[in-house]
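Given below, in the form of structure tokens, are the structures.
Consider the two complexes below, in which chain A is the common component and chain B and chain C are the respective partners.
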Partner chain A sequence: MSTKITKGTVLILLIGKFKGKRVVFLKQLSSGLLLVTGPYQVNGVPLTRIKRKYVIATKTKVDIDALEVPTTINDKFFTPKKPINNWEKTEEKFFTKKQELKKVGLNESQQKIQKEVDTSIVEAIKKVQYLKEYLTARFVLQKGQLPHKMKF
Partner chain B sequence: MSQEQKKEVKPKKKQNKKKKKQNKSPRLHIDGIFMGYRRGLTTQKTGTSLIKIVGVTTRKETEWYLGKKVAFVYNASRHHNGSNVRTIWGKITSAHGNSGIVRAKFKRNLPAIAMGKKVRVMMYPSKI
Partner chain C sequence: MTIKRKKVFSSLTKSKFQESDCIKFFCGTRHLIFWILFIKEEIKLFKEKTLCENLNKMSFFGRFVEAGRIVLITFGKYADKIAVIVDILDQNRVLIDGPSTVNGIPRHVISLKWVSLTNFKIDIKRGAKLDEVEKKFKEEKIEEQWNKTSLAKKLKLKDMRAKMTDFDRFKLGFAKSKRKAILGAEIKRLMKEKK
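Right, the complex of A and B next:
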């Protein structure tokens, strides 16, 4: 992988639900995907994986060299769990609307892991002036801005 | 009319105020115009489209855009999966000439109606 993207580099996501958001790079997983976090407190992006080609690497770097990402966060962590079979057979489930059962935000176990990883990153962000505001703001192409002339 | 009837006020018609779309999707694409198909004077090859990217005026500037995905977005009358917005995806293949125009190949050739219409040049696959 290119030498530009190292631990703590701020990346701009170009695709997906969080497109335009600036996130912190953690490590490259064995599948080749990049592991990334908002941090969740700062801009609402949880631990996610993305492909290198859907990301713009910026010069900005967060000082998290001391951080060790737990090895439990790997590709298996992100694979969806087994789907609920026999969906309609339980009477209760049959009568509840699917929308009500939709998860909003992170569940407890996810929140725990998120906090574990994010606390040191948030501390490092607070040390640099305007870095938190930078990560909260979304990247947008404004009128007259041409990406081939921009320096990231 | 009795006083009671007078007091009966007709319920006001609900004003259909258009809700401002909160959290509008940020623009992460560059606008381009579909100029036409690759052609000689008398024949056109509809497999390759010519795109003029806004703000790109020299052949050297087009280098950044090579390989990037392009989308032609249009509306249809029939809704499908809750939306009537449709896209034709393609990618920029090479430069065309010296003035910043670019060649693109789409999965399905662009319809002729699209000539002069906007096309979205995305920033991915990113090499930065």
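Right, the complex of A and C next:
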């Protein structure tokens, strides 16, 4: 029987840059992907999307029933912005430095949304003992541990 | 033939055996040798039986398959739980009961291979009904006695470990590492003092 994923369920990511990280589930997007967040302050995982298949759902739950995820966070939020036509020839490009172009991470507006969502989650995490340490640590398989025999 | 055999054996069990007894039951001289050999075989079996009984009296064996014996079920749906033997079917099978009102284990037939005998026993008759079994089970406080044993504690620990969630596992490992750090620091300090 698979664990039901509801708002606040702690998930273990299995692929990608953040594999092994334990994150908090927020909602399922219209595309079917799951919206999760670290929270960013706790383990460095921002608002991301992931497929249900690449995740282990645990029975641990963070109490965030009161949280309402803003509707602006949808599939469009994650799709890359279309570049301006003829970017190479614009004035803007001429004046932006190479280092700035390579900048990775959340821009200011994204950071704002991230904080908006995360504050209440972090508060809820602090209420449970060791939950913060739990979310900070990565999931690792020890010697002798068999995933098909383990309960999550 | 068979009726005569039973009569002979009953005479052996009842009173002191006399060789003349066998001759009463045989009908012809040509059968004499056969009958004497037959009786000698029976005497041998009889002697063996009493030897067995003597062994029991010396209590080399303390746990018997009998009505009222508490058993630990080792395989199947009700594994790691205790039940009462209510009746014995044959060499390999017994009828057990939880009792069902206490344990949830219904009255059913189980193979002796799936069961191991314990030291505990309650005084019930063969085929006793559920209320009687339940009454005696509660009177003797079998469950309390069983839970005190080290085997019961080990089984409980094993069950707890299997039910641990990811968070529980993390907390356990976290606590262990903290303890190791404290112990390590203390050992280091003591080693330094020794020098």
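As a working rule, the second predicted complex is superposed on the first by the 128 of 152 C-alpha atoms of A that agree within 3 Å, B and C clash if a C-alpha of one lies under 4 Å from a C-alpha of the other, contacts with A are read in each partner's own complex, and residues count from 1 in each chain.
Operating definition for what follows: a residue touches a chain if its C-beta (ideal position, glycine included) is under 8 Å from a C-beta of that chain, and two chains touch if they have at least 3 such contacts.
These numbers were taken from a predicted model, which means no experiment stands behind them.
Trainee: Assess the superposed three-chain arrangement around chain A: do chain B and chain C clash, or do they fit?
Mentor: fit
Trainee: With the two structures laid over each other on chain A, which partner does A:Lys59 touch: chain B (first), chain C (second), both, or neither?
Mentor: Only chain C; A:Lys59 stays clear of chain B.
Trainee: Touch test for A:Arg138: chain B only (first), chain C only (second), both, or neither?
Mentor: A:Arg138 sits against chain B, while chain C stays out of touch.
Trainee: With the two complexes superposed on chain A, say which partner A:Phe152 touches: chain B (first), chain C (second), both, or neither.
Mentor: Both partners, chain B and chain C.
Trainee: Give the angle at the C-alpha centre of chain A formed by the C-alpha centres of chain B and chain C in the superposed arrangement, rounded to the nearest 10 degrees.
Mentor: For this superposition the angle at chain A equals 60 degrees.
Trainee: May I ask you to decide whether A:Tyr130 touches chain B, chain C, both, or neither, giving the answer as first, second, both or neither?
Mentor: Once the two structures are laid over each other on A, A:Tyr130 reaches chain C alone.
Trainee: Shortest C-alpha to C-alpha distance from chain B to chain C once the two structures are superposed, in angstrom?
Mentor: The answer is 13 Å, the least C-alpha separation in the overlay.
Trainee: Take the contacts of chain A with chain B and those with chain C, and give the residues found in both.
Mentor: In the superposed arrangement, which is not itself an observed complex, chain A uses residues 56, 139, 149, 152 for both chain B and chain C.
Trainee: In the complex of these two chains, what residues of chain B are touching chain A?
Mentor: 25-30, 54-56, 61, 63-65, 122-128
Trainee: Going by the contact rule set out above, which residues of chain C touch chain A in the complex?
Mentor: 162-167, 169-171, 174
Trainee: Which part of chain A faces chain B closely enough to touch in the complex?
Mentor: Contact set of chain A toward chain B: 14-15, 19-20, 53-57, 138-142, 144, 146-149, 152.
Trainee: Where on chain A does chain C make contact in their complex?
Mentor: It is residues 10, 12, 22, 56, 58-60, 130-131, 133-134, 137, 139, 149-152 of chain A that touch chain C.
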